[in-house]
Amino acid sequence: MPASKKAVVDIKKLSLTFQTADGPVYALSDVDLTIEEGDFVSFIGPSGCGKTTLLRVIADLEQATGGEISINGVTPHEAREKRAYGYVFQAPALLPWRSIERNVTLPLEIMEISKEERVKRAQEALKLVELNGFEKKFPWQLSGGMQQRASIARALSFDADLLLMDEPFGALDEIVRDHLNEQLLKLWARTNKTVAFVTHSIPEAVYLSSKIVVMSPRPGRIIDVIETDFPKDRTLDIRETPEFLEIAHRVREGLRAGHSNDE
Amino acid sequence: MPASKKAVVDIKKLSLTFQTADGPVYALSDVDLTIEEGDFVSFIGPSGCGKTTLLRVIADLEQATGGEISINGVTPHEAREKRAYGYVFQAPALLPWRSIERNVTLPLEIMEISKEERVKRAQEALKLVELNGFEKKFPWQLSGGMQQRASIARALSFDADLLLMDEPFGALDEIVRDHLNEQLLKLWARTNKTVAFVTHSIPEAVYLSSKIVVMSPRPGRIIDVIETDFPKDRTLDIRETPEFLEIAHRVREGLRAGHSNDE
Amino acid sequence: MTWTKLDKFCLVAAIAALLALIFPLAGVDGDTGKQVAFVGDIPGLAVAMALCVIAGSAFTWLGVGSVTAGMVILAIAVFGCWQAISVLYDYGVAGYAGPGFWLFIASLWAFVWRGIDVIANFHSLDRTKQHLANFVVPVAFGVWLLFVWEVVVSGFGVPQVLLPPPSMIGERFVNSTDILAADFHQTFVKAVLSGYVMGCGSAFIVAIAVDRVPFLKRGLLPLGNMVSALPIIGVAPIMVMWFGFDWQSKAAVIVIMTFFPMLVNTVTGLNAAGKLEKDLMATYASGYWSTLFRLRLPAAMPFVFNALKINSTLALIGAIVAEFFGTPIVGMGFRISTEVGRMNIDMVWAEIALAALAGTAFYGAVAYIERKATSWHPSFRVRRH
Amino acid sequence: MTGSVRGPSTWTRMMSGQTGPVCVVLIAILVLWYVGAVFMNAPTQIDRYNRADQTWTTGQLIEDTLAQDRPILPAPHQVAVEMYHTIFAIKITSKRSLVYHSWVTLSSTLLGFGIGTLLGVLLAVGIVHVMTLEKSLMPWVISSQTIPILAIAPMIIVVLGAIGIKGLVPKAVISTYLCFFPVTISMVKGLRSPQVIQLDLMRTYNASKWQTFWQLRLPSAMPYLFASLKVAIAISLVGAIVGELPTGAQAGLGARLLAGSYYGQTIQIWSALLTAAFVAAILVVIVGWCERRVLARMGVKS
Amino acid sequence: ADEVTLQLKWVTQAQFAGYYVALDKGFYEEADLDVTINPGGPDVAPPQVIAGGGADVIIDWMPSALASREKGVPLVNIAQPFAKSGMMLTCLKETGIESPDDFPGRTLGVWFFGNEYPFLSWMSKLGIPTDGGENGVTVLKQGFNVDPLIQKQADCVSTMTYNEYWQVIDAGIPADDLKVFKYEDQGVATLEDGLYVLEDNLSDPAFVDKMSRFVAASMKGWNWAKENPEDAAMIVLDNDMTGAQTEKHQVRMMTEIAKLLGDSAVLDEAAYQRTVDSLLSGGSDPVITKEPEGAWTHAVTDKM
């Protein structure tokens, strides 16, 4: 990688321990990672290994108990205040008193964007996740997958340079998922956004990423970082290439190693 | 299939319409389906097509607005009263004030099973989903995938003959998922349970099922029912067989047809 | 047909009515030494009792399935009530009611309960019908309570200075509308409304201030508990001393009474937003006020409305009680406290009835707004089961 | 020497706890109170000077306004002295002791609170489970609270007295009447607060109403219950005091209040009032402590 | 011993010293009576208590008792220990009120709860409307104390010679600065503290006998109290459960009460008639609408 590229996320020896009633839980330990501008980084690892926690540290929702972290050269706190990123949570987290459309326009309202602009952008984002026609429904009237898509639309609606996505497509069927994968890739290619993406699907990770981070469980550590060389405007076809299968294999091996580690 | 087999779920011309403030939503229409004893039926279909709704009708959590349905020859209501099934929801639905262990023992408590027995069964179930060691934690101290696994353990802890599972493995990584797939298959082979299983993963559907039901969206209809002939004690290897790939292909085509239908 | 399938309420009604025919209707007159009245002499009552026996046994077997059946039962009950009243007043049983009479009332009770039960469980997609049913139930129940009150008071011959019968209160109510209107204006329009708005409003603002400044939260909240516990009886004379005899002192009492429930509920509500939702707002670097208005206040609404509802009843009580401690010579509390001394207990109850009407309407208005404003809350979700 | 080093840390520790802020707010209130006392009592004091044809200075005025016999607003130290006398300096069995009167009031408060809470919860349970009760009873529960208690308290006492119930119980009945209501309203809300999916879960187990109640509805309602209990206990104290008036106000804080106000002894009113407030505050603190214990056992994140 | 429950009109104070003395000195016991004294208060309506069966005999003012009788509580006066009225209207001199002619346009504090009747009949006799108009008076429902006068919220307040008047004095307003109108002097006095029972009971000779013993013992108490005001005040203080009364005040009250007591407990028919006439003369809104019948009896006092 050319050294000229700007580091968006820079993590050094990061560790995080939760204090619980029955002793500490070591969620992250000694994590070193650099995410550069325009990177698409996937995090993959067994359930409970600390992926969400890592994303939350980047988003300044959790305080690391050791090590260093900087976002765009500043602390996560400052970055958050600058609204440097959009975050898709693992659960939809829609506000029950707002209709779908008003859930999507929520961040725009907070950022004080004009009414027409808000509605326009919400329309676009909802269309992208194929939820047009559901603007006026309330969250509890939607299926699980639809709720998750609404929350993706919400994160996309304001145009952050850094996207943090925690298993955004977990509750979606393969077709929609493929469709959204493609859309996300297009968006990434077009806008040079930086994406940090948690997934459990190995093909998805390989297909989308420029960098795959494989993690092992408790205490969460990075056991492998795999860079891929597919062009930004890749298509679904690459999934048949030997290169793809090879990387997928390497990821699977890493995961398996992490798991056996666990026992 | 031999005609002698008992029909566990028998659905005829079932339809369901939700009345919402801005007009009716046709969630299910003209669904015909028979699930026989010992069947493992997967439901697959685009997000929002009515899979959850169908499962809820079977579980007597939703009333059909048309058609007929019987479970073990009686109405869903009576079946529920006999505690005929275990249900895994799409969201974990753990009670926040109970520890993980006590969440798992909840149904056992309700069914008035003795204390030691409860703890024993909870231990077994938690072990099955690899959550031993987390008994005393509260739900918010667990990662998303771990919560989902706890909810699976809860449904397995009492030994219902019919299992209704709504995307139980959606939030899990591939390794754990494979592991749980295997465990579920073993359980099924051993106990001759009947399983209705919603998933978004085509390989998972094909690998697990004796019957795959492909649905199309609004109004949810069944567009294909595919029977597979793999033995009950199948292993992960079958995923390489041409038969497997062929079925997967057929499912994917069905899904795609359903989606284009949608536009 | 099994025993459990029998309609127990109708069974009770039938048995009670049958016994009512057997037991003596009325007691013995102290002066004449004779029984006051016999069922046999009163054809209307005899018919009503017989009807109760017949309908009771019929419906015990048939069950009360439909709304029509419920209506039939209620109609019989209404006829019975009418006969009971007429026996009391036209046949001189008032003050001398015997076991037969009370058994008959018990029979009617079972009927009414069963009838209301059927209508309460009535579901219809037709909105007007549903609304009608929802309206009829509490009204029927209330009318029944009034009937029981009337019958008990005159049946036992309770002295009117202890508890007048509703009929007398109603008469007084209708004949004193001008006094009632003046009192209502003084107490409700002037004192209650202003005190309520000031009390709830200031508590809401303080709650937000307290929430904003943790120092205040730790310093003020424990003391807030104490203010709320200041008994109105003690506060009212002081407020009269400070703010004079007119409505201002009543409003001040209301402010003190309503302040704490609102404060506690709002502060609790402001912390009711889920962790995930708070994180979401944090990712938008949403400022304090933005989070307050977009997340925390909406999430607090159920709690805020809870306080508004409790306060709507407290406010009226507060104003009336405060008027016991000095007022100009108008106002609901003034009237109540003077008319007790004058033994015009019917006027007292007319005022109490007015207070109940006004308070219930006030509460209903707040509850209506709550329903509109927090329709998303699970407690308002259409219940399908 | 060392004190100056340790000073700030004790200070910050105090300020981050509850004691510090409470003290600061208390001091602020005291200052306001003194200023208020001077201003409210000044007119009568000036009147008195004029009547005695006395010349006066501001300093003297302030001094005298804070030392009146029957001030409009007694100064804090006057109340404090009175409270000290009536609480600590007198045998607690004496009828001049506020401890004795507090105890009289407290006993009916607690009895009323106990019965009221029970009644409130039972009503809420009925309303949540029985449609007929919800539709017929709920509006009347609400109406019942719009009846001015002070107006019917004498009738309750007379009627109960007529059937031979006297002493503690009639007062507790009035407490009950006032305090069951917030409990009912909050509990109805709380018992209905479980998420739809959680109710569905219980349904899949075919849990009985009773089981759903114990395992789901009641735990979900706990925050609502405690919020209302804090209000209810304060209200039931008020109820007990109200109940003391129509019994001839023989003993209890209500009797002190009344006697004080009957003789225009503001200092006595205020000390009874503050004692009542202290008692209530302690009760609320106890409820709050129970709340924390219960919620901690329920694993709620602090 | 025969049980008797006495319901007082007001809280425990020297106004009722005779009864407490009789209890304390064992006069009731001597008469073979077991007497319970229930204090009253601002919320206690003695007629209601006796109608509800909470008392055998009550102390009430005659206007209130007669009004209750019209409302269906058949009260009968069996004895009248107080011969004179202690009621008065106390005004601040500085307001310039010299005589009742100065009342129009003023604000007057009045006790209600059945105690307003004497005031109302006085005003109707003077022809002054009480609706707050230009040439009428504005009436305030006065609380339990004299604060409205001290704080100048009212120009005059109602006081009793034995109680509230001294509170005004204690508040630092010398008697010279006050102008008082005694109801006795204005010729509108009505009978105060009398003993009343329910009419039905009087047909029972045993009850009449019990009451005559009770009245006799009570009068013995009153005579003792008249002679020993200090000791009587202490007895009252001992019986005050609130612990709020002061010795100074009660002794003074006892002395004033002594001036109101009659020579015997026998109701003076002339005084009764004066009260009734005054109550009937209320213009458009008289306190009682017709001449009461059987509202008093000498049966009890005759048997003493």
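Brief remarks follow.
Each chain gets a letter, A, B, C, D and E, in the order it is written, and its residues are counted from 1.
Following the convention adopted for this analysis, a residue touches a chain if its C-beta (ideal position, glycine included) is under 8 Å from a C-beta of that chain, and two chains touch if they have at least 3 such contacts.
Predicted, not measured: the structure shown is a model, and the values here were computed from it.
The pair of chains sharing the greatest count of C-beta contacts is C-D. Among the remaining chains, the Cα-based centre furthest from that of chain A is the centre of E. One simple way to say how far apart two chains are is to compare their mean CA positions; for chain A and chain C this gives 55 Å.
Here the spacing of chain A and chain E, counted between their Cα centres, is 86 Å. Separating the CA-averaged centres of chain C and chain D is a span of 24 Å. Chain A and chain D have Cα centroids lying 52 Å from one another. In chain B, 91, 140 are the positions where the chain touches two or more neighbouring chains simultaneously.
The set of chain E residues touching two or more other chains comprises 42-43, 45, 48, 52, 143-144, 147, 151.
Touching two or more other chains at once are residues 72, 150, 154-155, 158-159, 162, 195-196, 203, 245, 258, 261, 301 of chain D. Across the complex, chain B meets chain D through its residues 56, 59-61, 80-83, 85-87, 89, 91, 93, 95-99, 106-107, 109-111, 138, 140. Of all the residues in chain C, the ones that touch chain A in their complex are 274, 276-277, 279-287, 290, 294-295, 298, 301, 374, 376-377, 381.
For chain D in complex with chain B, the touching residues are 195, 197-198, 200-207, 211, 215-216, 219, 222, 298-301. Partner chain D is touched in their complex by these residues of chain E: 8, 11, 38-45, 48-49, 52-54, 143-147, 150-151, 167, 170-174, 177, 240-245, 249. Within the complex, the chain E residues that touch chain C are 42-43, 45, 47-48, 51-52, 64, 67-68, 71-73, 112-116, 130, 132, 138-144, 147-148, 151, 153.
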